[in-house]
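In structure tokens below, several structures.
Next come two complexes built around chain A: one with chain B, the other with chain C.
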Partner chain A sequence: MREETRKFDTELAVIGSGIAGCAASIFALNRQIDCAQVGNTGAVAYTTGYLDLLGAIEESSAAVAKPWEGLAQLKNLHPDHPLSRIPVTDIRKGFDQFATFLGECGITYTAPRESNITALTPAGTLKKTLCVPATMAAGPEAFADKTPCVIIDFKGLKGFSAREVVANLQDQWPTLLAARIIFPDMDKGEIYPEVMARALEVPATRTRLAELLREAAGEVKVIGLPAVLGMHRPDHVRAELEQLTGLTIFEIPTMPPSVPGIRLREMFEQVFPEKGITLIPQQKVTALSFDTDGALLCLSDNYGPITIQAKAVILATGRFLSGGLEAHITGISESLLDLPVSQPPSRTDWYRDGYTDRRGHPIHKAGIDIDTSYRPLGKNGKPYNEHLFAAGIILAHQDWIRGRSGAGIAIATAYKAVEAAEKFLLAQHA
Partner chain B sequence: MTPTLIERTSGAGEQTLLTDVLIIGGGVTGAGIMRDLALRGLHTLLIDKHDLCAGASGGNHGLLHSGARYVSNDLHSAIECRIENELLKRLAPQCVEDTGGLFVAVEGDDPAFAEAFPGFCQSAGIFCEEISPAEARRLEPLLSEEIFRAYRVPDATVDPFRLALENVDHARMLTDSIYLPHTEIIRFEIDAGEIRAAICRDNRTLAALRIVAKQYVNAGGAWAMNIARQAGCTDVNLLYSKGTLLISHDRMTHHVINRLRPPGDGDILVPGGTVSVLGTTSVRTDNLETNRPTVAEIDTNVIEGAAMIPALATTRYIRAFSRVRPLLQSSDSGDGREATRGFALLDHTSQGLINFCTITGGKLTTFRLMAEKTSNLVAERLGNTQACTTDSVPLPGSAACRWTEPGAAPRYWYKANNPDDMILCECEMVPQSAIDEIVRCAPGAEADMTLEAIALRSRAGKGPCQGSFCGIRIASYLYDRGYYRDKTGLVHMRDFFNERFKGMRTVIWGQQAAQMELAEALHCGLLGLDNLDNE
Partner chain C sequence: MSDTIRPAINFKEKALELLPEGASFESCLTCGLCSSGCPASGIENMDPRKFIRMAMLGMDKELSTTPWVWCCTLCKRCQHVCPMNIDISQLVFFARSNWPQEEKPSGIVRSCQLIRSTDSTSAMGLPPEDFVFVVQDVLEEVRVTQPAFKNLQAPMDKKGAFFFVNQNSREPMNEPDEMVPLWKIFDLVGADWTYSSKGWAAENFCMFSGDEEAWYEVIKKRVEAVKALGCKVWLNTECGHSYYTMWNALHRFGMEADFKLESLITYYARWIREGKLPVNSKWNRHNITFTVQDPCMIVRKAYGESIAEDMRFVVKSLVGEENFIDMQPNRSANYCCGGGGGFLQAGMTEHRRTYGKRKFDQIATTGAAYVLTPCHNCHSQMEDIGHFYGGNYGVVHFWTLICLSLGILGENERTYLGPDLLALID
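And now, the complex of A and B:
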């Protein structure tokens, strides 16, 4: 049987379904640009749910308390960093639009503030971040106030130990306690956060869990749990549990792939088509070519081959984990168009000797270069194609890991790439 | 047998331990001497400045030589290997996988060497059977089509960690002999032609320890020359050769694959459980402490290895490591391959000492023989008339030592069939119960064992993720068990990841780059292990 090729026409095609790709689709929606999004969801399931803007200045050890002020410092020290090239007002607009959109779709976030939030990690360490899901917000608040609190974990859920969280925070938070309970109907063997979250979509499970939580809390009024409070309506699940128990409840991220990441992925997959985005998730673009009218994307899914004709394309394919960049024994390449990659001179220089060296590793600053209109540069140093734009952590001259700035780079550059693409599209129509 | 007495001197608060024999160096040779002497009823103390197999014993292919590798240039070593290979297969089968080996010549290799090979093997008494190149490729489908000659030999693989652990454990069972990790010799007290005491330091607590023995054995491997000099002996002369090896993500072959030519770079691929080990480059070095693989060494091994097994050019590697081998000084040739692979036992009487000896050189395959010769000298000096029995007494297996065996953990886990015993290392299927067992009673287990020490006693962290996930899970589990009660667990985690990274740094390309990016996002981006000291 020969399968017929399905063809789509769109103004803007976004390649990549990580934070940058999804942010680009959201910004395109807000600007009423007709949009298609394709590509592996890649690393979204690996996010904690925290939205970092700037948690540290790269190559230094100081944590950043005030990220907006930190951006000025970043610009002084690393003028070629993608965030150093974007006006702060645009970064704010990007964050506001992104967080607002998530909230409207059922995953409420705290609004960006002037100061970073000191958020909790599953190891009981602390992390600077800009916005956290509403389900997690009470944790940093309780930590800041040193409110008496019980961290509760579950028998069979490995990688999350309440005693570990308490052991590492007890110096700073002496009123913190640990307790372990058995999740309803999951008393044997290993249990998984995703399964627990889906079980909590059922009201009866919530009622039973509420009873166990109340018992474990004893006299204490605030409890922290691993992030398992529902998949599609986490705010509702948390609110109901709070009502049933009379307690303040917050989530702490777990090891990836984590529920907060899966929540985002599933929400985007449901909401984008409803809002008119042509979404072809979980599939990799196999070829991308350009002619005078625009770009042609080729891919296929379970129903056969697909082509998408687009007037503009945003490349947001991520780094090694998501497949946007490839590391070879001989060097680093960009996987879709073989765009030039700014990179260290040889493999010997990719990594420093010490893994946790605070200065980070040169390989992380590798990536593609763009011009001021977010067009990737070709081998001749000129824009590769006028229809092509790029966003996200595929961009060179940033170390999102050491900078604690992954979401910040993704959202801010997506905002600017969509802005540039819109300008280009409008000029075409004119 | 002398019971070990613990005394405290009034002044410095320094501890004194008494024993029949102090053995310095926890490689397989030191562990083998410990067991050999225990079988003769003697009490021993084994010390190592790091931990078991920290030197060349742990940094090799895990090859149990048939001897065929040495037939053309070192007949004596070849014969020793043949005999020891047969003994170990029979007496310590739990540590050996009888894979068989192939020697293959590829286009461009010297046909005359290939032609002469069976004759060399015959003179060493080593079984060698010619098979057609087609048959070789049937046995090992990944072999190059450029092969023009192939022979089968009785090579096998051996797990040096389990071997050392079980030798130590058997000695403990026999005479309550004791192994002390992280214990380094600082100086010897010498008087009237005898060592009276060894002054040691616990490298973690920096506490001083005085060990008084009747006999002192230097089994320091590459460090043997330095240790001998601390006792004033200048008759140990070693050359050091740095070897660099790679570990592939998958097991590439069933057999040990050797290049049929005189020893050179990238000429051997040894399977080990679920992985394969490719090696080795060989360069002279004077540096004993901080040898790390270089990108150039990695690339040489990959290019040379791919001549035998083309898939080695494209396969995923998860780790590389370098270790220093001690070679007895006999010539000044370039890379150390021509220096003898034999071993030497020095009794140091010419140096004016009557209770000190040094055993060095040799190789993993002949460790038992080295232990036998050394123990014979020590026993004779102590007036002990019992003969060596390590050539007839099987090495008993120990439950706490079994977790180093590649691919074995899943078997134990399925057998136990306890759903609450969760797998902590998912790459190598190491369950909670294994960690419990190791922390409780593996040789060298102590009150504050690090994640590195646990990993050394199991397969945890040896798979494709190289511990980046299981390190977190094991630490969590140990917090859960109350083993960690403060930030020590975080520091151990960070140190463990830093240690594993040393072996990954030069082989991070392809899928491994994606793996590293995820690991770093987790360890540094989320948990902030790069910032522990600043908190």
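And now, the complex of A and C:
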């Protein structure tokens, strides 16, 4: 049977559906740039839901309490770090627009503040982050005030243990207790946060759970639950459970596969097409080529081949996990265009001898180089193509895991890449 | 049934052969997103991640015998949510094919045998002459009892017609009046269409039974039937897997077909846009609410977003945008209802309803009074789980609502309407 290629035309094509890709689409929407986005889930699906800007600087063992001030320090010590190259006002704009968009689409976030929030991890340790989902916000507050609180977990749920959380926090939060209950209708076998979250979208399940929660809370007025409070209307689900129980309720992230990431992903997949973005989810671009008018992206979905013709492209394909970079015996390469990758001279230099070396490992700073207009550099050190821009953790000279700056790098560089792409598109139209 | 000896498949080897580079089981991150998003997880103590892990560990005997392969509906949701794009359903299909015929769920095997027993390719074994008779009989009755349709046509074996229209056997066999709304729609838009006495049926359980040869034979018969009449478009009516089994087979078996495969939904949307089907939502005076079920077989597994959009356009035109509530998640991320993959025919009722609980919750969350779906399996399953879990929603075909909106729904064509909808018909 003959296969017809479906063709799309767009101003801006975004390759990648991680935080950088999705942020780029949001910024393009805000600037009214016609946009198409392609990409697999990527690391978004595994996120805790916290949006980190800067939680650590290599040279220091202390966590960064004031991230905006920390950025100035980062700039002094690491001028080539992507965040060092962006004016703080632009990083703020990026975060504001991103968090606002999420809120408007039903997943409210706390607004970025001057200080980092000390947030709870699935294991009951603490980490610094800039913004947390509204469903989680009462947790750090209760921790700061050491309010009496019960952490509740569920029989059959792996990847979250109330006793572990309490054991890890007990020294700092003596009034913390643990309890275990059985989720309504889920008394057998392994249960998943995703399934519980969807069940809690049903009003009848909320009513039944509320009763169990009240019982487990006893005299205590604040409770912490694994992140299962609804999938599509988490704010609503939490508010209603609070009303039914008369308690203050907060969520704590769980280990993947966790709900906050699925929430974000499904929200983007729902909202982007409604807002006019051509979204081709769960597919990878297999070839990217350029001519004088722009770029041609080739891919296929279950139905058959697709091409996207775009005047500008943002490459936000992430690193190894997402497939933006590939590691070979001979070195590290960029997957789509074979762009030069800034990397340690040889494979033996990828890791330092000590696994826990505070300076981190050189391989975690590998990535592509860009010029001031966010265009990746080609082998000759000049921009690879005037139609091509890049954003996200594929960029070199940053170790986002150690810096606790994953979302920050993704959002801020996406903001700048879209700004640069818009400038280019406007000049083309003129 | 699991202790019979059968040739154990080397699943790891098979996976390397079947799955494209980059999506092999070796790239699995064991993140569990597939299992977390699969309604069959936990049934028979199995889930997709576990299936992969066991394949990688060489636990071939266990995988060759687990009845779970009949509870996975081959819906490909696991692949949709997998960051590495790993498709587990291909291995499940392969495992099914390895079961001795006599041990496969007899309902599925029997349906496939019946399909092959006549030129109709009907899973209910309705022979061509009976189909021709039923169509003629119903047509004559409509012409007599509904004066506005005294010239209604239901062409049979009309050479050179533009559309070759298929039909799920359930209609001619059990509820023949359900064919009439469709004929009225064709009449109204002036479609050049025909039924065929051969290869007219929509079902294809041979694919689900894991019998590739039988699957191929059925499709071959259908392709020949379309060719014999020289139709331009094979129009798949309101059935999900009939589309997928045909479309997928043409690729899979490299078959020649000089006609196009299209879905009726696409045409509903086109005819409404072109003004040929002047539906509106004014009839919905009491703001009765509707949701829509995306059949995996035509949305996630085939057309993707475009048909999902068309479906929503049609529903909103029919019931009013304000009365439409989407299920979450939806479109390509939607859950399989649990009626697919032959599950409805497999006789594993308890497991099927466990699977369907997720769908029931989705529907319950919308609070909608009705679910619209262009798929017979979805239709039956959603009715069943609705009754079982105590839901109070109805399930309706698109054709019913289109004719209702146009004020041309005959008295015998209202089986699926509840009292609230019946009350709106003057």
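Just so it is clear, the second predicted complex is superposed on the first by the 428 of 430 C-alpha atoms of A that agree within 3 Å, B and C clash if a C-alpha of one lies under 4 Å from a C-alpha of the other, contacts with A are read in each partner's own complex, and residues count from 1 in each chain.
The definition used in the following text is that a residue touches a chain if its C-beta (ideal position, glycine included) is under 8 Å from a C-beta of that chain, and two chains touch if they have at least 3 such contacts.
What you see is a predicted model; the values in this text were computed from it and never measured.
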Task = For A:Pro256, decide between first (touching chain B), second (touching chain C), both and neither.
result = both
Request  = Kindly classify A:Gly189 by the partners it touches after superposition: chain B alone (first), chain C alone (second), both, or neither?
outcome  = both
Task = Considering only touches as defined above, state whether A:Glu69 meets chain B (first), chain C (second), both or neither.
result = neither
Ask   = For A:Glu242, is the partner it touches chain B (first), chain C (second), both, or none of the two (neither)?
value = neither
Query = According to the contact criterion defined above, which of chain B and chain C contacts more residues of chain A?
reply = B
Query = Does chain B (first) or chain C (second) touch A:Arg347, or do both, or does neither?
reply = first
Message = In the overlaid three-chain picture, which partner chain does A:Asp301 touch, first (chain B) or second (chain C), both, or neither?
response = second
Ask   = Of the partners chain B and chain C, which touch A:Arg198 in the superposed model: first, second, both, neither?
value = second
Task = For A:Glu269, select first, second, both or neither according to whether it touches chain B, chain C, the two together, or no partner.
result = second
Request  = Tell me which partner A:Asn40 touches in the superposition: chain B (first), chain C (second), both or neither.
outcome  = second
Remark   = After superposition on chain A, the chain A residues reached by both chain B and chain C are 43, 46, 188-190, 256, 321, 323
Ask   = What residues on chain B touch chain A, complex-wise?
value = 292, 294-295, 299, 302, 419-420, 422-424, 469, 472-473, 475-477, 479-480, 482, 484-487, 489-490, 493-494, 497-498, 500-502, 505-506, 508-510, 512-514, 516-518, 520-532, 534-535
Ask   = What part of chain A is in contact with chain C in the complex they form?
value = 1, 40-43, 45-46, 185, 188-190, 192-195, 198-199, 201-202, 204-205, 231-232, 256-257, 262, 266, 269-270, 273, 279-282, 284, 301-303, 321-323
Query = Which residues, counting only chain C, touch chain A once they are in their complex?
reply = 22, 29, 31-33, 35-37, 41-42, 45, 76, 79-85, 250-251, 255-257, 261, 300-305, 309, 328-333, 357-358, 361-362, 364-365
Request  = Using the touch rule from the top, collect the residues of chain A that touch chain B in their complex.
outcome  = 43, 46, 48, 56, 61-63, 121-123, 125-127, 156, 158-161, 163-164, 167-168, 170, 188-190, 253, 255-256, 319-321, 323, 326-329, 346-348, 350-351, 353-358, 361, 363-364, 400-402, 404, 406
